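Shared between the two complexes below is chain A, which has chain B as its partner in the first and chain C in the second.
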Partner chain A sequence: MSDRIPWPLGLVTALLLAIIVAPLLVPIAMSISDTPYIVFPPEGFTLEWYVAVLTEPEAQSALLVSLKLAVVSTIGAMALGIPCAMALVRLRFPGRGLVQALVLGPLVVPLIVTGVGLLQTFSLLGLRGAFLQMWIGHMVVCIPYVVRSVSGALATADPTQEDAARVLGAGPVAVFLRVIWPQIRPGVAAGAIFAFIISFDDFAISMWLADARSFPLPLYLYAAIQRFFDPSIAALSALMVFFALGLVLLIEKGLGIGVRRIAS
Partner chain B sequence: MNTTRRALLGTALATPFVKPLAAQQREISVGIWGGAQGDYVKRQIIPAFERDFGCKVLPEEGFTLANVSKMRATKDNPRFSVMFIDDLAIPIAKAEGLIAELPWDRMPAMANLYPRFLYEEGFGTALGISLGGIFHNTRVRPPESYAELWEPRYRGKLKLVSPNNTPSMFFLIVAAAIETGKPFAEAQYEIDKAFDRVAALRPNILNIFGDGIQAANEIAQGQADIGLVEYSKYIYPYTNRRAPVTMAFPKEGSFAGTNCQVLVKNGPHQDLAVAFMNRMIEPAVQKGLSEFALTSPPVSGITFAPETARWIAYPVEEMDKRGLFTPDWTYINARRAGWTERLNRIFSL
Partner chain C sequence: MEARTRLSPALLGWLLAGPAVLFLLACFVFPAAQTLYLGIGARTEAGVMQYGLTIENYRRAFATDLYWRVLLRTIRMATSAAIVAAIVGYPLAWVLARGRPWLSRTVTLVLVTPLLVNVVVRSYGWSAILSRNGLISWVLQGLGWEDPPAILYTEWAVLIASVHVFLPFMVLPLAGAIGRIPPSAEQAATVAGAGPAQRFLRIILPLSLPGLAVGLPLVFSLTAAAFVTPQILGGNFSPLLGTLIEQQVLTLHDWPFGAALASLLVAMVLLVNLVFIGIIGRRINRWAQA
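Take a look at the complex of A and B:
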């Protein structure tokens, strides 16, 4: 058996990669153009658009809001999603199918509908505070990703090992930390990454719930597209691409979790 | 060390939930537009208003239909005090009880408002008027008549505004005017006869655009020759910066795109909201806004330097001279959903 990839498969893979990567390279190329408006291919070379974006207080504030929102939404989604997944996989109870359908519902319902529904609900409840509203809204859409990935990991974990640990005297916490956690760790990591990215990139929910104090980056990008005619918008897009790449590298090298392992 | 890190992390994460001290003062939320107008409102008008009234104004950028949806969703417990929407949405907002009548006695700046820019018997005022027409790359000679756009020489060279955007209704009126040979004012009532004409334009359409500024950018790069139909407020600020894109107004006439403000019914701090709306139509504020965003003011008594005057239609006599047409939005709104659906069917793949 040879490890070499058959050439037709390699060709298709290369083509797919080109289709996926090429659109990401275009804004990077346009962002260095030394022209007062966006052109492709770029003309001249300058980094002034990056400086313009990075020194723009609104962009900095929007980035900070998005990062905080993504972090707290991920933590919240994990705190609720992991126990939910464990209950759905390990326990049998009346209405289990209904609970599963409700938890995964936000994956099916268009986000724009979820967003307007949340706005109406918060308004009726008299709940103020855009960040708090967005936090709840983002958790609603992040939890299904955590539940799905953790459920998948739990389904492949051997429950008899948990029984064996209990028989040998391990308490519930010890069973979770020493038996379950090592087996579901890749699933939890995958869920966390998905939750973070879904929250960080979210537009549809934030569009309804954000206010001027809590204005996340995707909304700022949309507003900036309407405001900037110059390549600074391309520079901002390029920075988001670099950020995503940096995140993957951090996970791979910094946390020692292989993205390929998560993907598989 | 770990405790300190945790404490710092906890503080950083908790910060967004804590109401800042500044929020103790009175504050209102105002739904504004994006683009150059929104930029000027946020950076110039609001800071001065906050200083003068000792309050906080929270501007939220949006667009007409989303802003109306936000008012609907929060109708029982309004979050916004003032909302910026286009003229076409004011009858809808009034009919649904989303907006309140403006108190004339507390808005002295209304004295300068041209009567035509007061809507629904006092439920909204205009803030800026854009010219609706076609935009083109400066190396391309624009058509003298809209009818020329159907000619084969434009095959695959036009960008058409998305059926979801309001200027698509202007396009339908244009098509009806070409089909019937009637002026816009009469043709708008015969749009149903124009859909074969609309479909005949399909070979000339390169693609559909949803964002006017991005479309202007693509026209400037030469990806297409002409875009139709769009507001001057999205194009002229860039023409003014020497980008190779500008507007043209074929002989059939041009459209008025009127941005307005409304008072949200039962919104927080109505007194501040009214003061803010009054500030928005004060001549000094209108002059600055018009010079920055290159829109025409709805109030009288402003003098513009030639470098601004060349981009706008002002005063009201100049608007009339240019034949700025405002559609019968009550008639169009009632039929818009069906027409949008037909447009989507024609231009979908």
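Take a look at the complex of A and C:
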């Protein structure tokens, strides 16, 4: 199957890969410049911008909001998504096709529209509290990732083992904990990590619902880019690139799950 | 074992899926319907929202030159991004499908990594590359070009950054389709005297159309609905639909008009997806069977 790649194609591939990583590496290069403004190429070497951004109270509180939001959104999406995936894969029930379409719906409708709809609905119902509103919005967009991941894992797990356990007298709880759970654990972990990333990185939902007290990190960064011109923004960006690279390694090496699954 | 009441699959199915279904009906379907309704069920007059069935919002979107141009620009940008992604995507997809395992793993990882990097950070990285004193200008000046043109704050910048991040949505389906083409087909063509261009046009391209039919509408939809990238890289001179919706809702508080624009965005995305899935998908199948 694997052929030798002709050299012009190899060259094009190498060039394209370099272009793909360039915008992720440039902030790192600029963040160590010891000039009070951003220059290319960077001059000198300093880590003071990292210290500056990590000790900035607004950045700290934005990071905290984003982490909290990502944790509760992941938990909520798993609580609703895992049972739903089990029903979709293992049971034939009337309306199953509709449920499947509904669960994947948030992937089809543009996020920005889901967000503006939530803003209008919350205001109609008088539901206040930016954090709660964002939690609900993030759960909506995280559920499809959890359901897809867990369904994928369940579809490859062997249902006859579950039948065997049942015949041998295991109740539904025991079947789930001792037969199903060990088999779907990697899929559940992938779903949880994807949900966490989707929430932690979300801009399109939060932009409608955030307020000054609950201001997630992506919104902070967006505002900061327009306000500050020193390399501390580059330092914060570099930290987020390192975070993403860490996640890639965790997913690929630690869990042995293809990162590509987030896109397909 | 003993007298355990067995739930019917139907009841158990709904018990398990019910919470997610109820949640999504309340927090996804209802808000979407609410937005759709607001676009035709209300209008803003002198800053006050008036309820009542109206087509005024849609008339305004199509009849006002400024808004009409934003709509056209959004369609143009999304279409260009989809086409450029396909052109850039084919070589990568071929290497991914046919390269040695380490190579296709590397390509996949590099391709998907930008998806895990926050959209604001990515756009910021591009702005540092494309700005007047950024990486590209620096290289061009080093090569002797005195005053290279700035790419930042043009539609080109938005196009480049959109293709960059949405490329995996094109390459992965393409690679899937190319992987299903038996390598013997290409080898046979080579033996029969076909050059690389002929092999691409007569074997790879037609047989990978199903992948293209998945990738094109995906990249189109994602680009059309983007907000951050056009905002940071396009500047104030070339807003896309997302920016317009945000301005109408958050700055001007014209919710009915914003809702109508949001509905137009959904209609655009759904239309493109249905066209590709329906008509083109069917035609490809017929072609593939013939």
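One rule holds in what follows: the second predicted complex is superposed on the first by the 222 of 264 C-alpha atoms of A that agree within 3 Å, B and C clash if a C-alpha of one lies under 4 Å from a C-alpha of the other, contacts with A are read in each partner's own complex, and residues count from 1 in each chain.
In the analysis below, contacts are C-beta pairs under 8 Å (C-beta built on N, C-alpha and C of every residue); 3 or more make two chains touch, one makes a residue touch a chain.
The model shown is predicted, which means the values in this text are computed figures rather than measured ones.
Asker: Answer with first, second, both or neither: which of chain B and chain C does A:Gln120 touch in the superposed model?
Answerer: both
Asker: Could you figure out whether chain B or chain C reaches more residues of chain A?
Answerer: Counting contacted residues of chain A, the larger count belongs to C.
Asker: Considering only touches as defined above, state whether A:Leu54 meets chain B (first), chain C (second), both or neither.
Answerer: neither
Asker: Which partner does A:Leu104 contact after superposing on A: first (chain B), second (chain C), both, neither?
Answerer: A:Leu104: touches no partner chain.
Asker: Look at A:Tyr222 in the shared chain and tell me whether it touches chain B only, chain C only, both, or neither; answer first, second, both or neither.
Answerer: A:Tyr222 sits against chain B and chain C alike.
Asker: Is A:Val26 touching anything from chain B or chain C once the two structures are fitted on A? First, second, both or neither.
Answerer: second
Asker: Once chain A of both complexes is superposed, is A:Ser214 in touch with chain B (first), chain C (second), both, or neither?
Answerer: first
Asker: Intersection of chain A residues contacting chain B with those contacting chain C?
Answerer: Touching chain B and chain C on chain A: residues 38-40, 116, 119-120, 124, 207-208, 222, 225.
Asker: Quick one: in the complex, what on chain B touches chain A?
Answerer: Spelled out, the residues of chain B in touch with chain A are 12-13, 15-17, 19-20, 29, 34-36, 38-39, 58-62, 66, 69-70, 73-77, 79, 211, 213-214, 216-217, 220-221, 237-238, 241-243.
Asker: Okay, in this complex, where on chain A does chain C touch?
Answerer: Residues 1-3, 5-6, 9-10, 12-13, 16-17, 19-27, 30, 38-41, 79-81, 83-84, 86-88, 91-96, 99, 102-103, 105-106, 108-114, 116-121, 124, 136-137, 139-140, 143, 147, 169, 171, 197, 201, 203-204, 207-208, 217-218, 221-222, 225, 233-234, 237, 240-241, 244-245, 247-248, 252, 258-260, 262-264.
Asker: Per the contact definition, I'd like the list of chain C residues that touch chain A in the complex.
Answerer: Listed in rising order, the residues of chain C that touch chain A are 1, 4, 9-17, 19-21, 23-25, 27-32, 34-35, 38, 88, 91-92, 94-95, 98-101, 103, 106-122, 124-126, 128-129, 133-135, 138, 161, 164, 167-169, 172-173, 176, 183, 196, 221, 224-225, 227-228, 232, 242, 245-246, 249-250, 255, 258-259, 262-263, 265-266, 269-270, 273.
Asker: State the interface residues of chain A toward chain B in the complex, per the touch definition above.
Answerer: Within the complex, chain A contacts chain B at residues 36-40, 65, 68-69, 71-72, 116, 119-120, 123-124, 126, 128-129, 131-132, 135, 207-208, 210-214, 219, 222-223, 225-227, 229.
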